[in-house]
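Note that subunit A is present in both complexes that follow, paired respectively with subunit B and with subunit C.
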Partner chain A sequence: MRESHIALLRAASTEAKLLLIGIPVLVWTLLPIYHMFLFAISPKDSAFSGKLWPDHPTLRNFGIVFRQEHYFLHHFWEQLWNSLFIALATGALTLTIATGAAFAISRLKVKGGRTVMNLALFTYFIPAAFLAVPMYRTMGVYGLLNSQWSLIIAMVTIATPYAIWVLKQTSDNLPVELDEAAVMDGASPMQLFRLVYLPLIAPALVAIGTYAILLAWNEYLYAFLLLSKDTAITLPVALGNFLSADDSPWELLMTTGFVYALPPAAIYYAFRRYMVSGLTAGAVKS
Partner chain B sequence: MASAVTLTEPESSVAADGARWLTPWQFWGIVLLIPYLIIFTFFVIYPIAYGFWTARHPHTYVALVQDPIFVRSVINTFLFLAIGINIKMFIALLLSGFFVQARWWIKWLSVLFILPWAVPSIPTILSLRFMLNPEWGVVNTLIFRFTGEDGPNWLNDPAIGLTMAVAVHIWKSLPFWTLILISGRLAISADLYEAASVDGATNTQKFKYVTWPSLRTLYLTCTILSMIFTLGDFNSVYLLTGGGPADLTHVLATLGIRYLRIDQVDMSMAAIVIALPAILPLVFYMMKRLAR
Partner chain C sequence: MASVAIRGARKSFGTTAVIHGVDVAIADGEFVVLVGPSGCGKSTLLRMIAGLENITGGEIKIGDRVVNHVPPKERDVAMVFQNYALYPHMTVAQNMAFSMKLRGAPQAEINERVKRASEILGLGPYLERFPRQLSGGQRQRVAMGRAIVRDPQVFLFDEPLSNLDAKLRVQMRTEIKELHQRLRTTTVYVTHDQIEAMTMADKIVVMHDGLVEQIGTPLELYDKPANQFVAGFIGSPAMNFLKGKVKVNGSATFEGPNGVKLPLSQAPSSSDGRPAVYGIRPEHFTIADDGAEAEIVVVEPTGSETQVFAKLGGEEVVAVFRERHQFNPGDKIRLKPDQRVVHLFDEATGKRLTA
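On to the complex of A and B.
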């Protein structure tokens, strides 16, 4: 009897210790996000009260944002579209370029492939913020400033190295026999690529496509350097511009921010299976 | 058939190279590499060369070293890295041990725990910035309600501002490193723990003799990789303090933008060139680890 009592007590104390870690972790994780959400559902005058739940929660802020009824929001839908277009274009281009390169390096064993892989890895390890100013000047030299293609190309430049590396790792793990069998059947390199390679690495393509799309959607630094027209900028830049005004309508800023943060969170959870295994396992090879 | 041999034997003899050259395989290999090489040449090589060219004059470096804001940024960057990364990796190590516990609620918590990493930086950092606003922010409102006194002017104090930027950085990237360390822990064979339990090992002993030896290399790699990523963390500082007050909270990642704003592009480039001796060894170490 006593023994089981002690075991029970010990289990309860383990549980309590775990809760003692879990609760602070939960609060720490959600605090800024919940604060943003509170602002979004609070009327303008009561947003600063410090209450845990507003007295009169409202969706009015969302209405104002969606109907673009504030000076800062005149181009909301256009900027949302810009963000979406740039993210999708980055995703598509990154996938195209990186899949080809990874196939050439890993399956076709092209000469110099190893060197290209090293160059790509080197690019991956240059902190993006350090490349930002040179990239800005470069885009100026090419006459691409203020064109959305400058941001797309910059994002592709940053996303492809990691994409190539992950796809190369994935393809290295495919059995060689598949290629041999295809070659025996007289397949050309491009047939091998289309019919054997692409279907096999499809899960990694989902992970990499998502990675590139989120990278571009979330980007702030390059976006605000490379784009400046109100109709050309992406949502994060618009949010940043919001801030520079003295009378910033915080509740609208937080509402817009909340809308902007939803798609990546949703995409992340939708593709969580691919993302966690595909990206974290790939990020650090032990 | 020759092409099949090429595929299966990448390390075939040099003599075969002549014959391999411009087989359909090599041809398509080159064609498929060209798009990336174009991107690399025009948007990596050219900007880097341009940067070095802009920062070629020695007097730029003299001016840079004499600029107190640059010196301050270097110190800030060092503190940011030394404190931020070690605290972050240590918490990640502890939390990875927490998250591998099999409980239904820990599974749910781990799903929520990813949020900071999954959502974009700017809305959440701005949200924190509002929380810390000295007049209207929720933090000072609560301090006033409970103590009747005004709270500190959070982001207008360089020390608190930088500390908060470190906290934002940890908040944002902790989930990622925790996930990696979790996968590291899950890769350790359960047999080892069972054997340790049979021998009557305590939890501390299990960590010391089973977990840590297996995680050590991964932990070191993560720390170095995190240093490289953290050096480029522009958002945590720029969106929270904007480098202020009086340019006292800049780090190297935000300094470049500051010099660009005041039209001193050469200083902006020189600040990066000067940092290269510290960064390149880390980069080459990581390349060696990942290129295998």
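On to the complex of A and C.
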């Protein structure tokens, strides 16, 4: 009895210590989001009142945003679509390239696979910000500026090396006998890829797809450089433009930002199981 | 069904040669076991038959077709892997149907063959389950089902039982043998377990360091091992080896370590004084007054028999008795080898000397 009591106490104290760390971190993370939310439900004149809850909470700001009833919001839906299209295209392209590469390197053991992996790793020695200007020049040379494809290509370039690494590690953990069994069963490399390989790495694909989508969705620097027309920019760039006026409509800026933050939160919540298992896959030998 | 002929097969990985010219003839419908210690090249040879490894030299024929450059899927052989290699995302039925699906067989035929295979293996109730929902033995059966469904020329088994626990291993051993007796498909089976080889094979191929040491029926290998390696590998507990010299003056005897005299039934007079290795299986010792004196070190009763480890002329030997003796460590006993079943090997080459 006594011993189980002590064990219980010990477990409770561990829990308490975790909470002691967890609660401040949670507050620290949620505070800006709450601040944003507070702005979004406050009328324009009381946005800066500094209260923890507005006297007259309202959803009017959301109406203004959705109906595009402000100078800065004239292209809201179009810009949201730009963000969405660019994010989805980045996700799809990154997955296509990275699965192909990981399959070829890990399963088909093509020559030069190691070199490709090392080069992929090498790209991370150069911070993405350093490449922004050269990338801008390159896109200009190819006449892609202000085209959504310029940003998609740039994002795929940044996301792919990491995606290849994670997928290659995941692939390496699949037993080689599965491929051999499929080969004995008469599968061609393409059938092996489609019928055996893809279904088995599906969880990692969800994680990597989400990673690439969110990377493109949240991108600001490249989007700002490569896209400039009001109808071509993504929503984060449009949000930045709010600050070009002397009296920025902060409550609308925050409302739009809040709307923009919802899809990633939803995606992350929906796929959280895959995110954790996928992104740590291959970290340790299981 | 088909015969398999391996002639002068060689395999190198880079500059490392692992198989140095192997000849094995496997008759149609035969159950052949490749056995040997790990690293002897048995699995590599099997994979060369399967087409998963290319052939560095020599020739492999399935039926009357040389398959050296034929891709695996056109060889019409099915393989069962050690870790089952079941597709985790497919049900039992889908696993078994996979090869036929790839070949574009009509659905009716696929269903019929899967049904037949599942009946043979007793997998009927599990067809809609996934591999993760099955026990080890059931998974092994599905792996075999996948091979049966194809009705191939040759079955290849790569240590299929080594992932199972001891009891299940014995049970599956019998099942595989029964299956072969029923289907009569030519089978090549790789194992490192000599008991598996002895119990299942029509013919055993003992391999060692990339070479075939001996080919024969289980009892041929047991009764007439061609060399000291085969003698030591086949049989459990392993054969006792004692170094010494052959003495022929009138009758033949063997002078073992520290002058221990051991009986020999016959030896040519020319072999007098020849250094040799005396081989005697543990079960071929009897207790007799005219036996050689030995001191008991350890006694291990298993119920059906008792294994006795003893020092004979300073060398440790093991003897097995079915009858129950009162043995205690430290006791002196007189061990007499049955001279009709003594094996004599050349000390330098390990080759068998007795006929």
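The rule is short, and it goes like this: the second predicted complex is superposed on the first by the 252 of 286 C-alpha atoms of A that agree within 3 Å, B and C clash if a C-alpha of one lies under 4 Å from a C-alpha of the other, contacts with A are read in each partner's own complex, and residues count from 1 in each chain.
Methods note: a contact is a pair of C-beta atoms (placed from the backbone, for glycine too) under 8 Å apart; a residue touches a chain by one contact, two chains touch by 3 or more.
On a predicted model such as this, the values are computed, not experimentally measured, just so you know.
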| item | value |
| --- | --- |
| Contacts of A:Ser228 with subunit B and subunit C, given as first, second, both or neither | neither |
| First (subunit B), second (subunit C), both or neither touched by A:Ile97 | first |
| In the superposition, subunit B vs subunit C on subunit A residues touched | B |
| Touching partner for A:Pro175 - first (subunit B), second (subunit C), both, neither | second |
| Touching partner for A:Leu200 - first (subunit B), second (subunit C), both, neither | second |
| Partner chain(s) touched by A:Gln191 [first = subunit B, second = subunit C, both, neither] | second |
| Which superposed partner A:Val183 touches (first subunit B, second subunit C, both, neither) | both |
| Subunit C-contacting residues of subunit A that also contact subunit B | 180, 183-184 |
| Interfacial residue positions of subunit A with respect to subunit B in the complex | 18, 21-22, 25-26, 28-33, 35-36, 39, 48-50, 96-98, 100-101, 103-105, 107-114, 116-123, 125-138, 141-142, 153-154, 156-157, 160, 164-165, 176, 179-180, 183-184, 188-190, 193, 217-218, 220-221, 225, 236, 239-240, 243, 250, 253-254, 256-258, 260-261, 264-265, 268-269, 272, 276, 280-281, 283-286 |
| Residue numbers on subunit A that touch subunit C, as the complex places them | 175, 177-178, 180-187, 191, 195-196, 199-200 |
| Footprint of subunit A on subunit B - complex, ascending | 3-4, 6-8, 10, 17, 20-21, 24-33, 35-37, 39-40, 42-44, 46-48, 50-51, 54, 95, 98, 101, 103, 105-106, 109, 111-116, 118-128, 130-131, 136-138, 141-142, 145, 171, 175-176, 179-180, 183-184, 187, 217-218, 221-222, 225, 228-229, 231-235, 238-239, 252-254, 256-257, 259-260, 265, 268-269, 272, 275, 279, 282-283, 286-287, 289-292 |
| Complex contacts: residues of subunit C adjacent to subunit A | 50, 52, 72-73, 77-79, 81-83, 85-89, 98-99, 102-103, 146, 150 |
